[in-house]
Amino acid sequence: MSTETVVADKGAPLVEMHDISIAFGGIKAVDHASIDLHPGEVVGLLGHNGAGKSTLIKVLSGAYKRDSGTIRIDGKDADISNPRDAKAFGIETIYQTLALADNVDATANLYLGRELRTRWGTLDDIAMEAECRKVMGRLNPNFRRFKEPVKSLSGGQRQSVAIARAIHFNARILIMDEPTAALGPQETAQVGELIKQLKAQGIGIFLISHDIHDVFDLADRLTVMKNGRVVGTAHVKDVTKDEVLGMIILGKVPPGATPGPGAIA
Amino acid sequence: MAEQSSTGGPAASNEGPISRLIRAAEIDTRMLGMLAAMLVIWVGFDVISSILRPGGGGLFGGSFLTSRNLWILLVQTSVIAVMTTGMVLVIVLRQIDLSVGSMLSIVAVATGVLQVFDLGPLLGVGHPAIWIIAVVFAILLGAAIGAFNGILIAYGQIPSFIVTLGGLIAFSGAAFLIASGVTVAPMDKTFKLIGGNGPAASIGPLWSWALAAIACIGIGVAIVAGRRRRLKFSFKAKPVWAEVLSVVVGCAAVLGTTAVVNSYLYPPRVAERFALDNNIPIPPGVEDKSGLAICQAADKVVSCVDGLTFQTGYPIPVLIMLAVGLVMTFVARRTRFGRYIFATGGNPEAAELAGINTKRLTVTVFTLMGALVGISAIIASARLDAATTALGTLNELYVIAAAVIGGTSLAGGIGTIYGAILGALLMQSLQSGMALLNVDSAYTNIVVGIVLVLAVFVDQIYRRRVK
Amino acid sequence: MKFKILTLLAGAVLISASSTAVMAAGKTIAVSWKTFQEERWKTDEAAIKKVVEAAGDTYLSTDAQGSAQKQAADIESLISQKPDVILVVAYDSDAILPSIQKISDAGIKSIAYDVQFEDPNALYITFDNVGVGRIMAQETLKVKPEGRYAFIKGDKGDPNATFLFQGMQEVLKDALASGKVKNVCETFTDGWKPDNAQKNMEQCLTSTNNGVDAVLSENDGMASGVVAALEAQGMAGSVPVTGQDGDLAAINRVALGTQLVSIWKNSIDLGTTAANAAIALADGTDATAIPGVAKFNGGKNKVEMNAILLAPTPITKDNIQVAIDAGHITKEQACAGVAAGTVPACN
């Protein structure tokens, strides 16, 4: 793990989200939160349901528009106001709901929004299917049901389609929102392997989870949120699971972590 | 294919030879069901009409399965069928357009006023530019109204049900005001041809066969090209016999339809006038140049011009319907735009997150719907040779019903263009057939209503079983 | 028929002449309109106003805007202005009755204009609606005393569709019984819609193998669909088609010869007759003494009341001039596309 930490610490951050706030109908879902991510680093985002972690990350993926705060990619101000903007910066997201169009097949989902086209401008379904077979062959060699709407696939198969879509287009920043929630142990392990591979390619990953074990296994750093605020950020090796639990439940920051605005003094 | 959620279900281990055949050839079994229902209805009407009024000359002795009735049936279907192709996309997108009937009124009346009251006096009645201006105007006006609906729905975030319900009420009022309630007639004589009335409004046997041949070749080329491409990427292709079967069946359908429309001859008096106008010698035995005295004395009008036969071929409105069907199928299945409509209908949030501009998409779909209403308005007013506010009333219900009978799911995401056109044909078959039997329209309405509900019910059962 | 209309018109002219000459000016005639949404009421109003003002009387009016409630209030306000006669175009012929009672109580005379309400004290002035069906059948019989007739009826939910058909049957009774006239198709048309009429006519022609010699369509809109269907079979012009309403397009078809007749209810006639009757009432003439008044009890509740039933004008090729002279249609509109020398009015 130490080598990766070294990689993560040097150079400019890939993503810096600074002082982000967003409110829905007067309720502050995210309240002056700041978070950053380096190339080849996995940052775990922890917190209860409603702690604001998904909302914060949706600001980055363009699904929500922030009320205030700045986002910098590669040290430059980035104007992200919709999912198309985010994709242009190489930000890909695997949503907790997977966000698949249930009535179309795996290929159509893989290429949704960036279809391959023939020289006449029509959809090149065959080329897309061929490409889809390659990608899925790597991620999930047993996958065969290319012609069926994804609605009829199993949870794991749907997950592979969502992951394939996120990594197929040269993502630099990957957001994974509860990527293993719907999976069995074997498939969870597969996702773990995949994350390590992607890390090695220099992709920065935000991993949102409420499973501490996952985060300790896969992440380099972790940030805990509570009531829309950042409680604190720490290197995984500097804190224990119990201390992190304390951060999540009580908002108490241990000595190994850097406190945020949501920390209890 | 994106919208073929019904085809290629999970492999069943113990299927019979027929279902294996259907699976291998990738046939839409739902469509087969509809065709079977249509066949039953057609044969039924012909048999019943042969009992009520024998000697109709139909396949079973009635007057339904005659080339004349089928030809007229296709023309009668065209107005609803053109609009229903757009309605499929609207419904797939999880929206609805209740305003198409009123929109048809307003476009028909405005176009009628333009050509009769404005362009006629301005350019001179019968000026060759009139019909072109009128056609372009109708399509643009339809598109503009559709876009207006779409913008209110997408950017105003008002539910489409409300926006178009408002349109349903408001547009018919506006249509009334445009012509202060009067019927605008007659239409420009070239414009009128779009409605399919008269010898010049059909393309004749030669062109019809030529089109059929092109269509046949087209089917063959498309299937061969598709097969080549699949093999190039070393995918499993359909068995050769299934491909051949597809070409044969497709071609047979095209040639059969062409044979039917070609065997509809010019009505006797039309034939006679056509012969007189074109200096075609009238064969002996047909002395009466006016065609009146002999024709009226005879029991069958046809007898006064035996020997003077001209085949009609495809009428223009049917060609428009077929062209619209082809283009819309292409749009739905082979373009990004179509793919986005289906994906958005399946999961709007996912589509938005995938970077699809669903608002713009909504506006575009409603604009397209409006343009199609414009085309239907042209056909409807050209066919009636008049434009009135009453034109189009209640059409929204028939258009939606046709789409639904054709397998479009109101929950969004599922629907086919050809299914909807077949739905429109099925509904018109019921209406025309019952009118042919002189059944009171009250019963016709009851039957059409029942068929609509039954179609959806059967569909539900079918989908559950496929799952 | 024509003779009767002429006498009626002559009568109307006489009344107006005498009223201006003999009767004292300074009376007030009020009208409670149900709506001005439909264009025709403006024509009626102009006709009434013209006669009233020519007599030196005052014209008052209110517009109920399609609301029974507003009409009740309108009538109260009219009563308070003490007119001599109030003409009422009732929006709701039952709900209006209490208001009519108030008019009587205030000693004011009332006229039911075009829409009947059953108050025995009121004078009812309208066109003879049952007669329209009779005229259609008569005009058709003139040109086709024998043959296969098709009946394109209006909407099945509209009692008028059945009244019209009854009128036709009365006239055709003997011819139908003797077999001279055969009923080959008879169909209601949903919503009186022209395109439905066109489809029904197409199916009628298909099922009879074009064996139709005359078509009795109950209005002009449907006649346009019928003519289009006949035209597709090359039969337009040789098969007579009826209609009513005096639609501009229909009058043009009459001139072109594709439609036999359009029965026209001239609103100007109706307005003029009503205005003259109102002036007569205002001057104290007894309702029964007004020319053209007869007893009528054909309403819903069979209440007997005094009524003037105007005969509508059948517009045929020969008298299109009448509609042109009345300003209902211009010569250009009526004669568009008509070959020279075929129609008197177009020369």
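Here the chain labels run A, B and C in written order, and each chain numbers its own residues starting at 1.
Just so it is clear, contacts are C-beta pairs under 8 Å (C-beta built on N, C-alpha and C of every residue); 3 or more make two chains touch, one makes a residue touch a chain.
Worth saying up front: this structure is predicted, and the values here are computed from it rather than measured.
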| item | value |
| --- | --- |
| Chain occupying the middle, per Cα centroid | B |
| Chain whose Cα centroid lies at the greatest distance from that of chain A | C |
| Chain centre separation (chain A, chain B; CA means) in Å | 48 |
| Distance between the centres, which are taken as Cα means, of chain C and chain B, whole angstrom | 39 |
| Whole-Å separation of chain centres (CA-atom averages), chain A against chain C | 76 |
| Multi-partner residues of chain C (at least 2 other chains) | none |
| Chain B residues touching chain C - in the complex, by the definition given at the top | 49, 53, 56-57, 63, 66, 68-69, 72, 76, 79, 125, 180-186, 195-198, 266-273, 292, 296, 299-302, 380, 383-386, 388, 390-391, 393-394, 431-432, 435-438, 440-442, 445 |
| Residue ranges of chain C touching chain B (in the complex, touch as defined) | 38-39, 156, 185-196, 198-200, 202-204, 206-211, 213, 220-221, 224-225, 227-228, 231-235, 238, 247-250, 252-253, 336-337 |
| In the complex, chain A residues that touch chain B | 61, 63, 82-84, 87, 93, 95, 97-105, 108-109, 112-115, 117, 121-123, 125-127, 129-130, 145, 147-149, 151-152, 165 |
| Chain B residues touching chain A - in the complex, by the definition given at the top | 1-3, 5, 8-10, 229-230, 232-233, 235, 330, 333-336, 339, 342-347, 349-357, 413-414, 467 |
